[in-house]
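There are two complexes below, and they share subunit A, which is joined by subunit B in the first and by subunit C in the second.
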Partner chain A sequence: MVSLDLLANAIVSGVLLGGFYAGVAAGATISFGLLDVANIAHPAFVVFGAYGAFLLSERFGLDPLVAALFVVPVFYVAGAAVYQVYHWAFERRGDDSMRGLAFFFGLMFVGEVVLILMFGVDYRYTSAAYASTTLKLGSIAFPLRELIPFLGSLAILAAAQLFLNRTFIGRAILGVAQDATALRLMGADPVRLKRIAFGISIALAGAAGALLLVLEPVEPSIGREFIGRVFAIAVLGGMGSLPGTWIAAVMLGVIENLTSIFAGASWAPAVAFGFLLLTLAVRPSGLFGR
Partner chain B sequence: MNDFLRFFGLVVLAACALFAAMRAVGNDYVFYAGYTVLEYVVLACAWNILGGYVGYVNFGVAAFLALGAYTGVALSKIAPLPLPVMMLAGGVVAGLVGLGTGYLTLRLRGIFFAIATLALAVVLQTLITNWEFVGGSAGVYAIRPKHVPVFGSYIAYMVFLMLTLAVIVVTVSRAIETSGLGLGFIAIRDDEVAAEATGVPTLQLKLIATTLSGAFMGMAGAPLPYYVTFLEPSSAFNLSYAVNSIAMPLIGGTTAWFGPVLGALLLGIAQQVVTVTISSEVNLLIVGLLLIGFVVLAPQGLIGMLGLTGRRRSG
Partner chain C sequence: MREGSVLRRLGGYAIAVFAGALAVSSAFAADPIKIGFSMAQSGPLAGSGKSALLAMKIWAEDQNAKGGLLGRPVELVYYDDQSNPANVPPIYTKLLDVDKVDLINSGYATPIIAAALPIAMQHDMVLMGLFGLANNAKLNYDKYFSMAPTGEDPANVASKPFFDVADQLNPKPSTIAVITPDIQFGHSVLEGVRNAAQKRGMKIVYDRTFPPSMTDFSTLVREVQATNPDLVVVGTQPGQSINVARAIAEVGLNAQMIGGAMTGLQTTDSETILGQQINGFVNFAYWLPAPKLQFPGSMEFLAKYQAKAKAEGVDPIGYYVAPWAYADLQILAAAVEGTKSLEGDKLGPYIHANTFKTIIGDVQFGPGGEWAKPRTFLIQFQSVKSKDASEFTGTDHLVIVGPPDMKTGELITPFEKARQ
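Now for the complex of A and B:
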């Protein structure tokens, strides 16, 4: 007999976890959904962000959330640079499918090996005090290490959504997503806009990385677990819709958490990928797609 | 047909010469190193059938390899079968999984197939980790027979089998290139919509390619438990299989069979040297950097740089 308390706690914790997944997937929703750049290294950038935050908190005693403020601009520049290489080598030649994927796969792999060489395969974690504090509401627990990434991710999504819908550049990026040729005819530079958007997507990955460090200890290959989640969420969320991303992510978080509590944690990694395979097979346009 | 037989004869001759040479060195280490290199020749060529000819990326090489390996493990728990039978069984299972994955995702854009293969690796690893019958997360021991008639040591026998498989894969690759099937593949790679519009049965051809490619990877995986003697999920599903099998064709060149063979031989031998002399992490770093360098700067690979991209001849 499953107690109601356990179920309620599992669902709440799943929602918190899912909210964080949305933060991880937000950047991929922009790069994959809007720009049509299949950056499978996106989760790897999240892990780089986590290690960046770890390094800053280790060296200068910064809180991971403060460290995120330093990680974000660096990642924006790195993202813009990666896009420039990608565009120059693949997109420009119209040869972006096979080699472009191999390029991002190589980036992911090299990054992972570099992290292993620099930090070893040990788990790294933050020593911030709140990481071990838990708020209680009745019998339902809200561990701050889950609540803070949830709220932080909500902030990431809200900021990205406001930027895309309310600013001139943001709307131009949405324009590129719809019709790059039309934009060029109107005198805008689609490559520049895509560079900005890709830079933002990587910057968001960096910010999500800092949140990941708050949520759980990180090790170099942890990003692989997120590949399935990120793409399952991006596809299920309807490719390019941030509110859709959030809903899909929370759904995945809840299902994953229920699975790991009622079937065992060793089954959890398969949930996201199973979810993804199922989505691709049954409803590739996503839950909210046309 | 004549051309095909002549090519097959030449490959068999080369394989015999190679085996005799390894035999002549008289040191088992040559066989151990040679096995790994040959395994990569098979994996690289198998990957290239789908990746190079049709243009669809498979990131789940490790999944197909492990499928072959664990099919062997499961079979050996039921009945002791000779290794060639296990290889066939591994090939059938991996081929069917390839067919299934392809059927689910190949009607969508190529990127979804690529992501699905990544997903496949994780799902299968989770299943195997939770499947106690084949050792689960704790792993499983595979005891190899001490002595095999004719070959002497078991490792020589395994090298012989892998060499045979390599001959088959290379011959099949070449046969695809010179046949109508290869023309269809190239049409899909260059422009799938146009191919479909001109009557190329694209889905059917893509399914043939995924099945063949997956089956060869599974066959290459079946002897793996006996090679490592202790098999556990995280080593069987190691990402370095995927990286190597993608890097080798892309570095060698993807348009003709000798691209992946060249890439696998060069990179495979270099890795044997680097792993022994420096470290296996550095070795993987080099492979990753070479992969990025080649896809960005030399899209035709080595055979393109050497001007060997080869005009297609019709058989």
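Now for the complex of A and C:
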């Protein structure tokens, strides 16, 4: 018999973790859903962000959340540069499907090796002062280790959503996603807009990486564990919908935790991905896809 | 052409041919004996994999300084298996078919050995398994030898020190929960716990496995907490061990004893990440620089290892896998020298028939390729006050609590008392 306390804690933990994964998936939603760029290396960029925050924390004693403020602009520039290379080498030639995918796979593995050479293979972690504190509301626990990444991810998604909906460039990026040719006829430069959007997606990955460092220790290959989950969230949310991404991530987090307490944690990935398949069978464009 | 000139020229050719033949023959003599293996240099097993590789390189240096093997230098040929068993068969195929290695060894840990073992069997070669749990239990390959002191019944022996110490608890524990992943290692731990619990009449109140990719354990630990167990056996892989330990601290799980088979908590990175959160956990250990475990060569090896470890960026303390990786090759080398052969058919019976003096003590194998006599022991992390690596050097905070003949201190129980 599952107690109410256990049930409530499982739901809260699922929401917190799901909310964090929404932040991890936000950049993938932009690149994959809005730009049609299959950036399979997105989780690797999240790990690069975590190591960036780790480096700043080790060298200058910065909290990972403060470090994120420095990581984001650097990752924006790096993302824009990566897109430029991708566009020049693949997209403009129409080789952006399989070869583009191979490019991002390669980027992921090269990045992993660079991290191994720079930092070694040991687990790295920065212990923020608040990370070992747990807030309690009755019997329900809110570990700050999970709550802070949850709130940080929420802020990431809200900022990205506001940028896309309320700014001229943001709306132009949404326009690229719908019809790049029409946008070009109106005098806009779709490549420039996509470069900006891809830079933003990588900047979001960097910020999510800094939050990951609050949540758990990282090692160079840990991004591989996120690949399935990140793209499942992006697809389930509706490929390009940031609110959909958040809701999909939270749903998957809660489903996984409920599966764990009712049937065992080993069933959780199967049930979560079963839910994804079922949803796509009914709504092929995802929960919030157009 | 004059006769003398022809003879001189012929003599010159003969000398050249003879010198060439000598050169070929000495090159043959100097052909290295190649020992091939996969080793995790990336991925979750890489922390221990890199430590093991450094130890093996030190062994190769030492061996070559002594004149090599059978008068030939030794050469290690290795590839990164990325901690992924799926990468192991192609690596060994390349080692055997392209690199033409003379001997093979295993990578680190149970799933990697499991992937290499069928290839060793196909080629009828000796395979030394580095820290595998019950890899040969069902295959019974007569040329497999386990470098883990778990004995001929490894699934049950792995959890034996935990239960031997638990048997001394007052009041006697009657319920037990198990936290373990859904992989071969986890199922071996689970099997051992089930057998031990049945033997003692204990009730297992939680034994659901979790997927190996899981990173957050707070819900799972709460499920365990809801069952209010007297004992909690945690059988986890590196990475999982850190995350489970943190979840246990956050949820506030308490029991008479918690831990047992947490792989990875023996390495410095895990220990320093957890700091004080590691206090109270009991765990298996295979070697520590305790007086009874210092054998000829062990401290000299450790000094060499620690001098190189920092520059190589690997586990700076090296109590866990490094001495075993060195001893692993000591045994293989002793068998090659003893048989004057590289053939599995000769090496296998020789290793079965002899006792080997190594830096981790005398090693003798039983019929199944496991250690004839197990030598596992249980430690408890006590009074760790910071995240500094010096806390985990020596045996002050890594207290051996069982078996009785190896004890260096008393178990603090219940778990929450040891955390105060």
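The rule is simple: the second predicted complex is superposed on the first by the 261 of 290 C-alpha atoms of A that agree within 3 Å, B and C clash if a C-alpha of one lies under 4 Å from a C-alpha of the other, contacts with A are read in each partner's own complex, and residues count from 1 in each chain.
The working rule: a residue touches a chain if its C-beta (ideal position, glycine included) is under 8 Å from a C-beta of that chain, and two chains touch if they have at least 3 such contacts.
What you see is a predicted model; the values in this text were computed from it and never measured.
Asks: Figure out whether A:G106 sits in contact with subunit B (first) or subunit C (second), or with both, or with neither.
Replies: first
Asks: What is the contact status of A:P269 with respect to subunit B (first) and subunit C (second): first, second, both, or neither?
Replies: Both subunit B and subunit C are touched by A:P269.
Asks: Kindly classify A:G175 by the partners it touches after superposition: subunit B alone (first), subunit C alone (second), both, or neither?
Replies: In the superposition, A:G175 touches no partner, neither subunit B nor subunit C.
Asks: Answer with first, second, both or neither: which of subunit B and subunit C does A:Y125 touch in the superposed model?
Replies: It touches subunit C, and subunit B stays clear.
Asks: A:P143 in the overlay: touching subunit B, subunit C, both, or neither? Say first, second, both or neither.
Replies: second
Asks: Using the superposition on chain A described above, determine whether A:S260 touches subunit B (first), subunit C (second), both, or neither.
Replies: Once the two structures are laid over each other on A, A:S260 reaches subunit C alone.
Asks: Enumerate the residues of subunit A that count as touching subunit B in its complex and touching subunit C in the other.
Replies: Of subunit A, residues 112-113, 116, 221, 225, 264, 266, 269 contact subunit B in one complex and subunit C in the other.
Asks: Across the complex, what residues on subunit A touch subunit C?
Replies: 2-3, 5-6, 9-10, 13-14, 17, 112-113, 116, 119-125, 127, 132, 134, 141, 143, 145-146, 215-217, 219-222, 225, 257, 260-261, 264-266, 268-269
Asks: Taking the touch rule as given, give the residues of subunit A at its contact with subunit B in the complex, in rising order.
Replies: Contact set of subunit A toward subunit B: 38, 40, 85, 89-90, 93, 95, 97-99, 101-103, 105-107, 109-110, 112-114, 116-117, 221, 224-225, 227-228, 231, 235, 264, 266-267, 269-270, 273-274, 276-277, 280-281, 284.
Asks: Write out the stretch or stretches of subunit C touching subunit A in their complex.
Replies: 41-44, 46-47, 49-50, 82-83, 182, 208-211, 213-216, 218-220, 222-223, 226, 238-239, 242-243, 246, 249-251, 267-270, 273, 275, 277, 313-315, 387
Asks: Which positions of subunit B touch subunit A when the two form their complex?
Replies: Checking each residue of subunit B against subunit A gives 51, 55-57, 59, 104-105, 108, 110-112, 114-116, 118-120, 122-123, 125-127, 129-130, 137, 239, 242-243, 246-247, 250, 281-282, 284-285, 288-289, 291-292, 295-297, 299.
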